Amino acid sequence: MTPSSEYNFAYLDEQTKRMIRRAILKGLAIPGYQVPFASREMPMPYGWGTGGVQVSAAVLTPDDRFKVIDQGADDTTNAVSIRTFFERTAGVATTTATTEATVIQTRHRIPEVPLTEGQILVYQVPIPEPLRFLEPRESETRKMHSLEEYGLMHVKLYEDISRHGHIATSYAYPVKVEARYVMDPSPIPKFDNPKLGDCPAIQLFGAGREQRIYALPPYTQVVSLDFEDHPFEASKADHPCGLCGAEDSYLDEVIVDDAGGRMFVCSDTDYCEARRAAGHIGKDAA
Amino acid sequence: MTPLLSVQGITKRYGAHIGCADVSFDLYPGEVMGIVGESGSGKSTLLNCMAGHLRPDAGSVVFDTRGHGPRDTVTMSEPERRMLGRTDWAFVHQHARDGLRMGVSAGGNVGERLMAVGARHYGDIRDKAVDWLERVEIDAGRVDDRPTTFSGGMQQRLQIARNLVTGPRLVFMDEPTGGLDVSVQARLLDLLRGLVRDMGLSAIIVTHDLAVVRLLADRLMVMKDGHVVENGLTDQVLDDPQHAYTQLLVSSVLQV
Amino acid sequence: MIDLSNVSKTFTLHNQGSAVIEVLSDVSLTVAPGECVALTGASGAGKSTLMRMIYGNYRAQAGVIRVGGVDLVQAEPREIIRLRREVLGYVSQFLRVVPRVPTLDVVAEPLRAVGVSSDEARTRAKELLAQLNIPERLWSLSPTTFSGGEQQRVNIARGFAHAYPAMLLDEPTASLDAANREVVLSLIEAAKARGAAIIGIFHDEAARARVCDREIDVSRFTPGLSSGSEAVERYNESAA
């Protein structure tokens, strides 16, 4: 598909992209710190990835190869729409293979295949403020970040244990970055939390409605919060993938009939397809 | 002996209106001071200036910190002042819901200050929370209930537990028994008296209830129109008031 | 132990036309350890006022009131509180307690305040309550609901719990039956024997004769003892 000449490269005007890039650079300089930016109206509703799209637009170059995943899948409506959006407005090449992509926009997952230097992972973030659950005042949460008053974050985990016997937070699990800022990693499953730290790729987080950008430069130290007697655990469903037999990937539970039948399959479709292409077969593979 | 708190010339104006003017006193370790006066007399303004919630226009509030001796809390940095606010200082609000997190369990409310100063062992935090609930006469079985399910008196006791769990040395109280039934008030006063004695706390209690200060306070400061008109030993001020306003205040109380 | 020199007291009633009432002037007296002194004089002569001044409850306008080396006229509140906790006991005519607190704890409290362990303080409190014939079934109840005589005995037990070096007793035997009166007098004698300096007001002449070493007629410190005295008495009652 050829780019439409109606649009500037990657939809946003150059001044806007410069503004966003400044926010990104500031975010990279202060890992985990939420940088305010002047979020623009995008041709999609809030909650559909407007923050991620603006960050992607600001970092894409004509030579990039772009991948979009939604809950691990390349083929859902959201992923297809955003991929098509940049094919049309930027004319960049696209791919579904994690290893081939240079910029990956994601909603709620980190790919199973380890990322490499030179890649950029762009997260869509609905609520960037990890303290929001207990402290509704933005003025107060900003002060808490600046003064490193993070006791409240553990109150949330405490409440989890007191109610469920263990830390039941299974996604958007809070982390501390470089022993300084507490950060919401966006609603990725906590299974993905260990991949945030010491990652060779650049990780950028964009929240459109909340007008915040934050970032993790390569090889940043990221620690998931926990208690000494209730340590962090990166959990997943205790099954192998029904299609490719993978034991180490994050799984979705799929209902297959109206009689209670179900199967567990890799949430990362690219990972699953690559394994099946290499000859791995799960017990439910047709 | 070094005063725990030394207040010098605290003045706060709201435009042309005087909140409180040129208030000075020393509070020594273990002392409980009451501040009485009618609504608008400046007693709450003074309390908020001392507790760091309001910035006074003039004056100093020197606190004898554990680590660095006497420090002026008005001019110290905000992080230091906030740190004091969750370690050596405590603030009991008149309305429990101003001092509690209503969406968090009783245990989480008590544990917050512990976690704020670095406690990271769930079992220990919970044990301490349960211990404190019992000390303020709340059944340990309620540890996972939210304060929204508690009565007014229980909420107030929970607020006290939440404040005292880190072993503060100075407690600010703003009408701690206001809005409670008389019988509930008596129970709370008894509890506070015991805690103050057992923990060797110093406290500053703002109230308009003379019975409360007679029971809790060693000494009394009487305020009118932002000024301190009289201060001294509590029973002396109440039984032999020297200032016209104090005489009026004391003689206005209904005898039961 | 207790030493007053040139003490005077006036009340200024600001809300009653700023009337100034002179109650006592130029009071000087000394009480030695082991001595019990009775204050006498007609009603309104200022006996209770003087006692309240020695306790720091009323403020003196002039003079020195020294108890155990502390001048109550000049002392800071915390010095007076320490003095009351450790040195100077006061048995008033009225029991004033926190509602809901059991009698046993009311009596043990002065000992707890000087650092005696809870068990030891309660043991001493039980002895005193038994001695003063307060039935054991009442010990766990608040004294606020007791009869006048029972309250008075609880008050005395509380006053004698800690061995104060100086004591002020305001009508300690009033409204007591013969048996309890005897107990109280023996408590006073025991306090004297251990060296306490005591000032008391006793309307009971036989009691006064038995425990007091000498009497001081307060009316000789009362200027005029005229029109003002009734107003003062009224004022005192309303303040109490």
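The chains carry the letters A, B and C, assigned in the order they are written, with residues numbered from 1 in each.
Heads up, the rule we're going with is that a residue touches a chain if its C-beta (ideal position, glycine included) is under 8 Å from a C-beta of that chain, and two chains touch if they have at least 3 such contacts.
As the structure is a prediction and not an experimental result, all values here were calculated from the model.
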When you draw the chains as points and link the ones that touch, which shape shows up: line, ring, star, complete, or other?
line
Computed over C-alpha atoms, the centroid farthest from that of chain B is that of chain A
Chain centres from averaged Cα atoms put chain B and chain C apart, in whole Å, by 32
For chain A paired with chain C, centre-to-centre distance based on mean C-alpha positions, whole Å:
77
Chain A and chain B, separation of their C-alpha mean positions in angstrom:
46
Residues of chain B that touch two or more other chains: which are they?
none
Where on chain B does chain A make contact in their complex?
78-79, 82, 86, 101, 103-105, 107-108, 111-117, 120-123, 125-126, 143-144
Which bits of chain C are touching chain B when the two form their complex?
11-15, 52, 56-59, 77-78, 80-81, 98-101, 112-113, 238-240
Please give the residue numbers of chain B that touch chain C in the complex, ascending.
28, 31, 183, 186-187, 189-190, 193, 197, 215, 218-219, 232-236, 238-240, 242-244, 247-248, 250-251
Residue ranges of chain A touching chain B (in the complex, touch as defined)
134, 147, 149, 151-152, 154-155, 158-159, 161-163, 226-230
